[in-house]
Amino acid sequence: MANLTFRYGAMNSGKSTALMQVAHNYEEKNMKVIVLKPVIDTKGNDKLVSRVGIMRKVDYLVSDGNSIIKLLKDKLYDTSCILVDEAQFLTEKHVDELHFICKELEIPVICYGLRSDFKTNSFPGSRRLFELADKLEELTTICACGKKAKFNARVINGKYVFEGEQVAIDEVDDVYYESLCGKCYIEKVHNFVKQKRLKKH
Amino acid sequence: MANLTFRYGAMNSGKSTALMQVAHNYEEKNMKVIVLKPVIDTKGNDKLVSRVGIMRKVDYLVSDGNSIIKLLKDKLYDTSCILVDEAQFLTEKHVDELHFICKELEIPVICYGLRSDFKTNSFPGSRRLFELADKLEELTTICACGKKAKFNARVINGKYVFEGEQVAIDEVDDVYYESLCGKCYIEKVHNFVKQKRLKKH
Amino acid sequence: MANLTFRYGAMNSGKSTALMQVAHNYEEKNMKVIVLKPVIDTKGNDKLVSRVGIMRKVDYLVSDGNSIIKLLKDKLYDTSCILVDEAQFLTEKHVDELHFICKELEIPVICYGLRSDFKTNSFPGSRRLFELADKLEELTTICACGKKAKFNARVINGKYVFEGEQVAIDEVDDVYYESLCGKCYIEKVHNFVKQKRLKKH
Amino acid sequence: MANLTFRYGAMNSGKSTALMQVAHNYEEKNMKVIVLKPVIDTKGNDKLVSRVGIMRKVDYLVSDGNSIIKLLKDKLYDTSCILVDEAQFLTEKHVDELHFICKELEIPVICYGLRSDFKTNSFPGSRRLFELADKLEELTTICACGKKAKFNARVINGKYVFEGEQVAIDEVDDVYYESLCGKCYIEKVHNFVKQKRLKKH
């Protein structure tokens, strides 16, 4: 039976590299893969770019309104594996469709994505993958303290900020994300709350 | 660093047995564990009962309004592990508190529970555990077809039913749950939808 | 494809309990399992006994000279799963046979056993399972220091001893095993070596 | 507690890519890693080369006679992680030393390597890692049949050959390795044995 696999990890855990390695493994055996990516992510547009220096074209960009089944229906007969990058941005319906394709057509589906946002809440796609996946596998990265990082903190103009929209769109500020372990994340939140209280007075 | 672990599985995957085994392992080394259970589950009341024939008293029943930190605060100094049964019924706040206890007091927390309900939607507790846990580990059971079961189907008076409340309270009908693999679950849903359509005409 | 799984763990990690739970899960669905155990282990003879208080009869005791394929050949047609306890004591040939049965007859095989002896060397059965298994899964227990235990130390008359035969047969002494984490194991070995040196002078 | 991790996989499962990704993750946080490789492997000499197109210099080549502790002793004070490629070629003593460094100095050690040779026998390094590692994690690749590959078959002049030395040194023939699933591997061995018998007559 083909599996729906969700490989989740914090920012910078090497998800795109891992996806491209799997694609390479299939293609080396002359097997066809399809690489999908939700359109919401604009980093690299229709390209996967990995920090270690490799890249690859995405086969199909998926919008919220798209049906993945309709999008792929003529292309699935000779496909050995479907790979999805930034899978946290899939809709619930997209994940249901991928599960259906996997089970009915016996095509393995491997989704790579973030587990949760900077407030530790899951994204629609990751939540649904948690509910449906046959396998949940973590890709790990390290916190500055040396422990395994599982959370993503949002840093705006050099300061940790724990409020705001799930997807940052403000391009005025200098925004980046830092992967943190549970203990460091809790500490940063405490400092943030303390600072906010001080400002009120 | 102590871990927050979520061991999830479908109905009848041996979650309570596994919990009692871990409690036994600690106690055999003269280490204290605390066993919690959300109060919503009335099966066995304040007892864990396993289908293989072992049982154990729960240390604390947790209600939705309870703060686990307040409930346990004087008992944590000599506790080596916190074990939670039926963890899917924890509130989001309960899971946040368990994560906090784990990280701040370095006490391992192991939660056992269902991943999702009979409609494949996660419970509040399991969803939050997916977001916060350091380790997600699956306990497996088998579908009648021989494959690994991951879903729970609700069977009322001998028929698969895919509509209704998340927690069944109707005591008039004969309700039980059957663990199914992805393929068999999809098939049962299709039959259910077909039957409903036929009845309309 | 059916899998050959090796669930390994230190002493007292609940291997027999886990095996009996899986047997129960299959039988509850009216599926037949076969439970095997190498004859070398005399604890409970042809019974599995778990420390949490459940037991079960073994279907076949396997001696070193036995062929598992010959032993089971008429019984496999309606078997849904083969379960092996104390699998570290299987011969290399036994494991090859189990792998063959698994792959050719599509019958899942789940072996439970120790990874290594009190000197951290693998047993013949565990070594071959490491080489052939589709899945390696650890069952954990705790060291007295609170960390995960992975080694087994031999304690004779109250003292840690790191020399002697792999399988202890001396019934004169009071022998038991203690599961230890890597750090504590290294410490106990150092003390043992130091004591031996002191005695020499 | 720092972990000794063994990430094993068949040929072409992306082990070197994965190692370089981890090194990158540490260095991005300004943490130092040391990359080791046994000298026996001459592919790329003191370089890691990945099939997806990235490479990296090895910090230390380790010979059979080397003590890793002596080799690294002045360099460990500021090292956050030790990474080993082709770890199957480590000696038993090397692995013992890495385990000691990991536990006594609290430095994580991650070893990447093959599980077994073309006859399904483990290598000295992989066997010892199986005995000592805190975590065993599989890196997967695919068999030509679409299933997960776990074995490596040796192909000489276009034919599967299941006899010969563990490490091929003959440079006259055209030798390569193919990763296979359990079922396909058994089939190729059967064909090989049949051919050999036919030749005898």
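To keep things simple, chains are lettered A, B, C and D as they appear, and every chain counts its residues starting from 1.
The rule is short, and it goes like this: a residue touches a chain if its C-beta (ideal position, glycine included) is under 8 Å from a C-beta of that chain, and two chains touch if they have at least 3 such contacts.
Owing to the predicted nature of the structure, the values given are computational and were not obtained by experimental measurement.
If you take subunit B and subunit C together, no chain is in touch with both.
Taking the mean of C-alpha positions as each chain's centre, the chain lying farthest from the centre of subunit D is B. Taken over every residue number at the interface, the positions common to subunit A and subunit D amount to over half, indicating a same-residue contact. For the pair subunit A and subunit B, the distance between C-alpha centroids works out to 26 Å.
Per-chain Cα centroids separate subunit A from subunit C by 39 Å. The multi-chain contact residues of subunit A, meaning those touching 2 or more other chains, do not exist; every residue touches at most one other chain.
Taken as a graph of touching chains, this assembly forms a single closed ring in which every chain touches exactly two others. Those residues of subunit B that touch subunit C in the complex are listed here as 12-14, 17-18, 20-22, 24-26, 28-29, 31, 51-54, 80-81, 141-142, 144, 146. Within the complex formed with subunit A, the residues of subunit B that make contact are 1, 4, 99-100, 102-104, 115-116, 120-122, 127, 130-132, 134, 136, 138, 147-148, 150, 181-183, 186.
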